[in-house]
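One structure, as structure tokens, below. Some questions next.
Chain nomenclature is as follows: A, B, C and D, assigned in order of appearance, with residue numbering initiated at 1 for each chain independently.
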């Protein structure tokens, strides 16, 4: 960490500040005296150094991190890719394209079983479906809740597909015992209390990027989970909020190679939520594959126009068949080319 | 609600769609046939109409709301300003400028009591202070937790100032029993599970605007609380995320008159979090008063350079004395002018 | 165009307003009377209707366009893809992947000839290079200007590659006579005076998306050029400004399929400016191909670390060889898959 | 300037790089060797150092400026406020609130003379009005052009108010000879060719902030004008582009005190363009005064509902009378308080 001091900082102030840095954080401090201002460089483990505290010191003009503030999620300290393997054998991050598909909301047994069978047949290796739904309006359908979880488990029995579903509340963690991958939605990416508790369990967590969060904040949220002891974090890019209104969000595919450089965690892409429009999903799924993503999360509904939520962005099973065929073919070609 | 249909929608499709609208939402439907496309207009209570569902219908090109999607927070159905009165007599939204001041984090008894006395003497009518702190890094100080709540109550005893503090988890609601105003932080603005539970209690909720949430989403989150029966919602503008890096966030003061037009709820402004820099707080506090805000939330710390969090944006008690004097003077002049 | 009137608009006001609409714009007007408000629907050519004027009318609450405001750039009125062919035979938009490559700035004869030969050998079909450079700082290198144009022409002679270079001023149009494709940079996307003049010449214009412009505004800028009679517009996505700082801009690849739906114009992608980092260029070039782009614009410099501008995002000729091989291979596979 | 080197940079590479820095920019270089990486500090005038070049060097990880990249616009080298005085005596930046008011577009003699008289009577000291209009659509009214300039001069004769109007093209500079203050609009803030030419004349330039430009970029554009020798630059905040749709742009009032700290140039605020809604103008004009602005730019139209452009955001002369009275009263109270 580099600390630029104010031009008018006195010698005494600087000495005092340097000593407090050493005491507080067990780092050593180098000093460089420039014409306009003095600059300090901290040596040692600076992930513990509190930027807020440093910034608040009277003599400090501003600071610059050289080290990233995350450790467990950092590729520097963990050069190999993390591969997450489920007890049932499915892997994420092993170089293959994993597809999680299913409806936005679980609606009834027939629906979820039918969609599960169809997405499995098309090549998906996970069934996704919402039981608890975060909705902007209190008057919108909020999900089937625990009944939805049961229906997902039923569909898993029928198809063998592990299930991925969103949690919205710490108190539900026990209820999610039987879920294979627990999803943290964009709106809860910085629900730190939830992250802390998920760090204490031994189950993969799919962490969606927040509506307007930076890649660094996203990795810090992964760090929250990992700091608790749970290293099984899967990142999911789902579009960020910008001024553009042609799409619901702006899919940030450059986040994929950036994450790959900074972190060892697997990263997948959700083109359905990112674009909000089913006609854009196939093309952006293709682009996601070519961006180097480890997987895709795609909404598929047996009957989008009667869906209880997010129908506008869902593919029909027939459309999904086509997309899956194409993305697997592209992935094969991509792997051949990148070899 | 106005629904624009696709140019190629057939007569039969349109008829079917109109019937499903009537059945589903108990609205009547007007039809306008244009040259390029057909447009439907829904008459009746459309707050219940699910935009997702409508958008997903095959015949639908896009939709436009004429009515706002919130009801209880809507000024149309509640023309008078809401005034929130505490059992101890303090009011928010009654035309006066209410100031909530105190440290970002409660640190110890001496600190909180000292700051409480100083901000009271300067004219603040509420003591704010964090016991549970949402921090980007799991390695940063997370607050004194329940001990912090006790210290706040102690400071209330000493000064008589009601206390405002942030909740981060549903399970803590009982623990917040003795708190006067419960704050929902920016990162939890769309933590719908928390909002629902706060809707069931009878205590004012200070709802901060999310990092990158629209005014409509913010009012929808207020609606979540109100839909549960708790009408005591205070909105707090605290800056939004933009591309500008000179300030931590961009304070959106135009949100104040926009909220005043759309809603009857009181709205206050937090210049400390919005700018992230103590030297900007006084000026933006002045601007907030002139934007018509009902109050201010300002960070004050006895010793900002030793603060455990957010010191860079905290005022000293002496600086706060000066700011308070100025904003009250400006408020007086403003009221005189606007009369 | 749909116009929602204010709830308190009187019958007389509405009648007057409707008549002024008919007089002013030669449209017919349908009226739909709802419970809360009255809505008008305009029938006819509404591209001429001035939204500002409509919005300013006392009775108007807000408006919604059903038709897009652009005509000549609109796929509705021109269903076939536009293919731009140069006198020398190169085509853009014909289904092949066209690559424009070269240095950010032309620096000297040796450099530009060397780079031109290398990018040609790798498969690029256009040479790009800046002679006039828009720089944030007045103290930065501003380009070799007319000498740079001459060097580009020299490199064209040597390689046969048509040249693409940026114009910054109306007065330079004559000087650009010998240029094959004139580029309008992001900062000039709404330099309407320049666009108007470029509409009067018969030469392809490469129109980069503005730093923070919507897709609709971008198409309106294309419309400016086309309204003058020049239909040869190539759109170039080069990243938009967001809050994210890990990349210089956020590459919006979903803009590619959106443009393909709304317009018939070819669209290419510039991963170099979008990311600002050379190590991200290969991956995002791959993703751009899979998003359906008609081409790529890539910065290549013989010696990036001595480049006079934008070296951080330039590839070396060797790196470009590798990228070109990969993107052409991916394009081949992509075409096979999408057939 | 601080330069962080890559962890794997070799001793030889570092030595070579340091020498090239000294040669190229005539700076001296300090070296600090940390555990993870080596950091260089440049001493001397670093405004000439090309960040692009530095970033492109193989050994460079990233850089951090300690000095601002602008010099002539920098308060550090010019501590006193710049006061711009017109030959006719009006001053901007002298501590008073200067108001520039008038219609978006000049439409005819009667209109502009009437509005000029009304805004003068209300206390405005400048007449603003558009003769050349930047419009998103080529089919919208583009202004009366040179006839508009003549009408403005006529209104100046009648009222004595100096005139402010927008230039869109270098070739028009001669035509603007008789204009008192030349405005550069938001879309041309980085039209560097125009800025350079405006740097060569001796006339105040009103430089509006770009749609999505940072404060630093804005000051760099001022530097472009000043580098040419014209120090008479007035900055104008007019809202920035964000995701919020309730207002046309988001007025960034914190830019006012930030500019005041970084620069000595006067800064005014345009609440009309920022909000896009006339009903928001009075409140945001008040807030702008309390943010410390040197002046206001407000749209006033004799008959907003018949305005040829931007009617929705224009005040009537009667409304402007009221706003002017209030802002002057607030300014008086504000000055008293801040004394």
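One rule holds in what follows: contacts are C-beta pairs under 8 Å (C-beta built on N, C-alpha and C of every residue); 3 or more make two chains touch, one makes a residue touch a chain.
As the structure is a computational prediction, the values presented were derived from the model and not from experiment.
Take subunit C out of the picture and the remaining chains remain, by touching, one piece.
Listing every chain that touches subunit A and subunit B alike gives C, D. Placing every chain at the mean of its C-alpha atoms, the farthest one from subunit D is found to be A. For the pair subunit C and subunit D, the distance between C-alpha centroids works out to 27 Å. Averaging Cα coordinates per chain places subunit A and subunit C 32 Å apart.
Distance between subunit A and subunit D, defined via averaged C-alpha coordinates, is recorded as 39 Å. Each of the following residues of subunit A touches two or more other chains: 212, 241-243, 245.
The touch graph of these protein chains is complete, with an edge between every pair of chains. Taken together, the subunit B residues at the contact with subunit C in this complex read 2, 4, 30, 32, 34-37, 39, 41, 43-44, 61, 64, 66-67, 212, 241-243, 245. Residues 212, 214-216, 240, 242-247, 250-258, 261, 274-275, 279-280, 283-284, 286-292, 326, 329-330, 333-334, 337-338 of subunit C are the ones touching subunit A in the complex. For subunit D in complex with subunit C, the residues that touch the partner chain are 47-48, 50, 52-53, 55-58, 69-70, 134-141, 168-171, 187-188, 190-193, 196, 210-213, 217, 220, 223-224, 227-228, 241, 304-312, 314.
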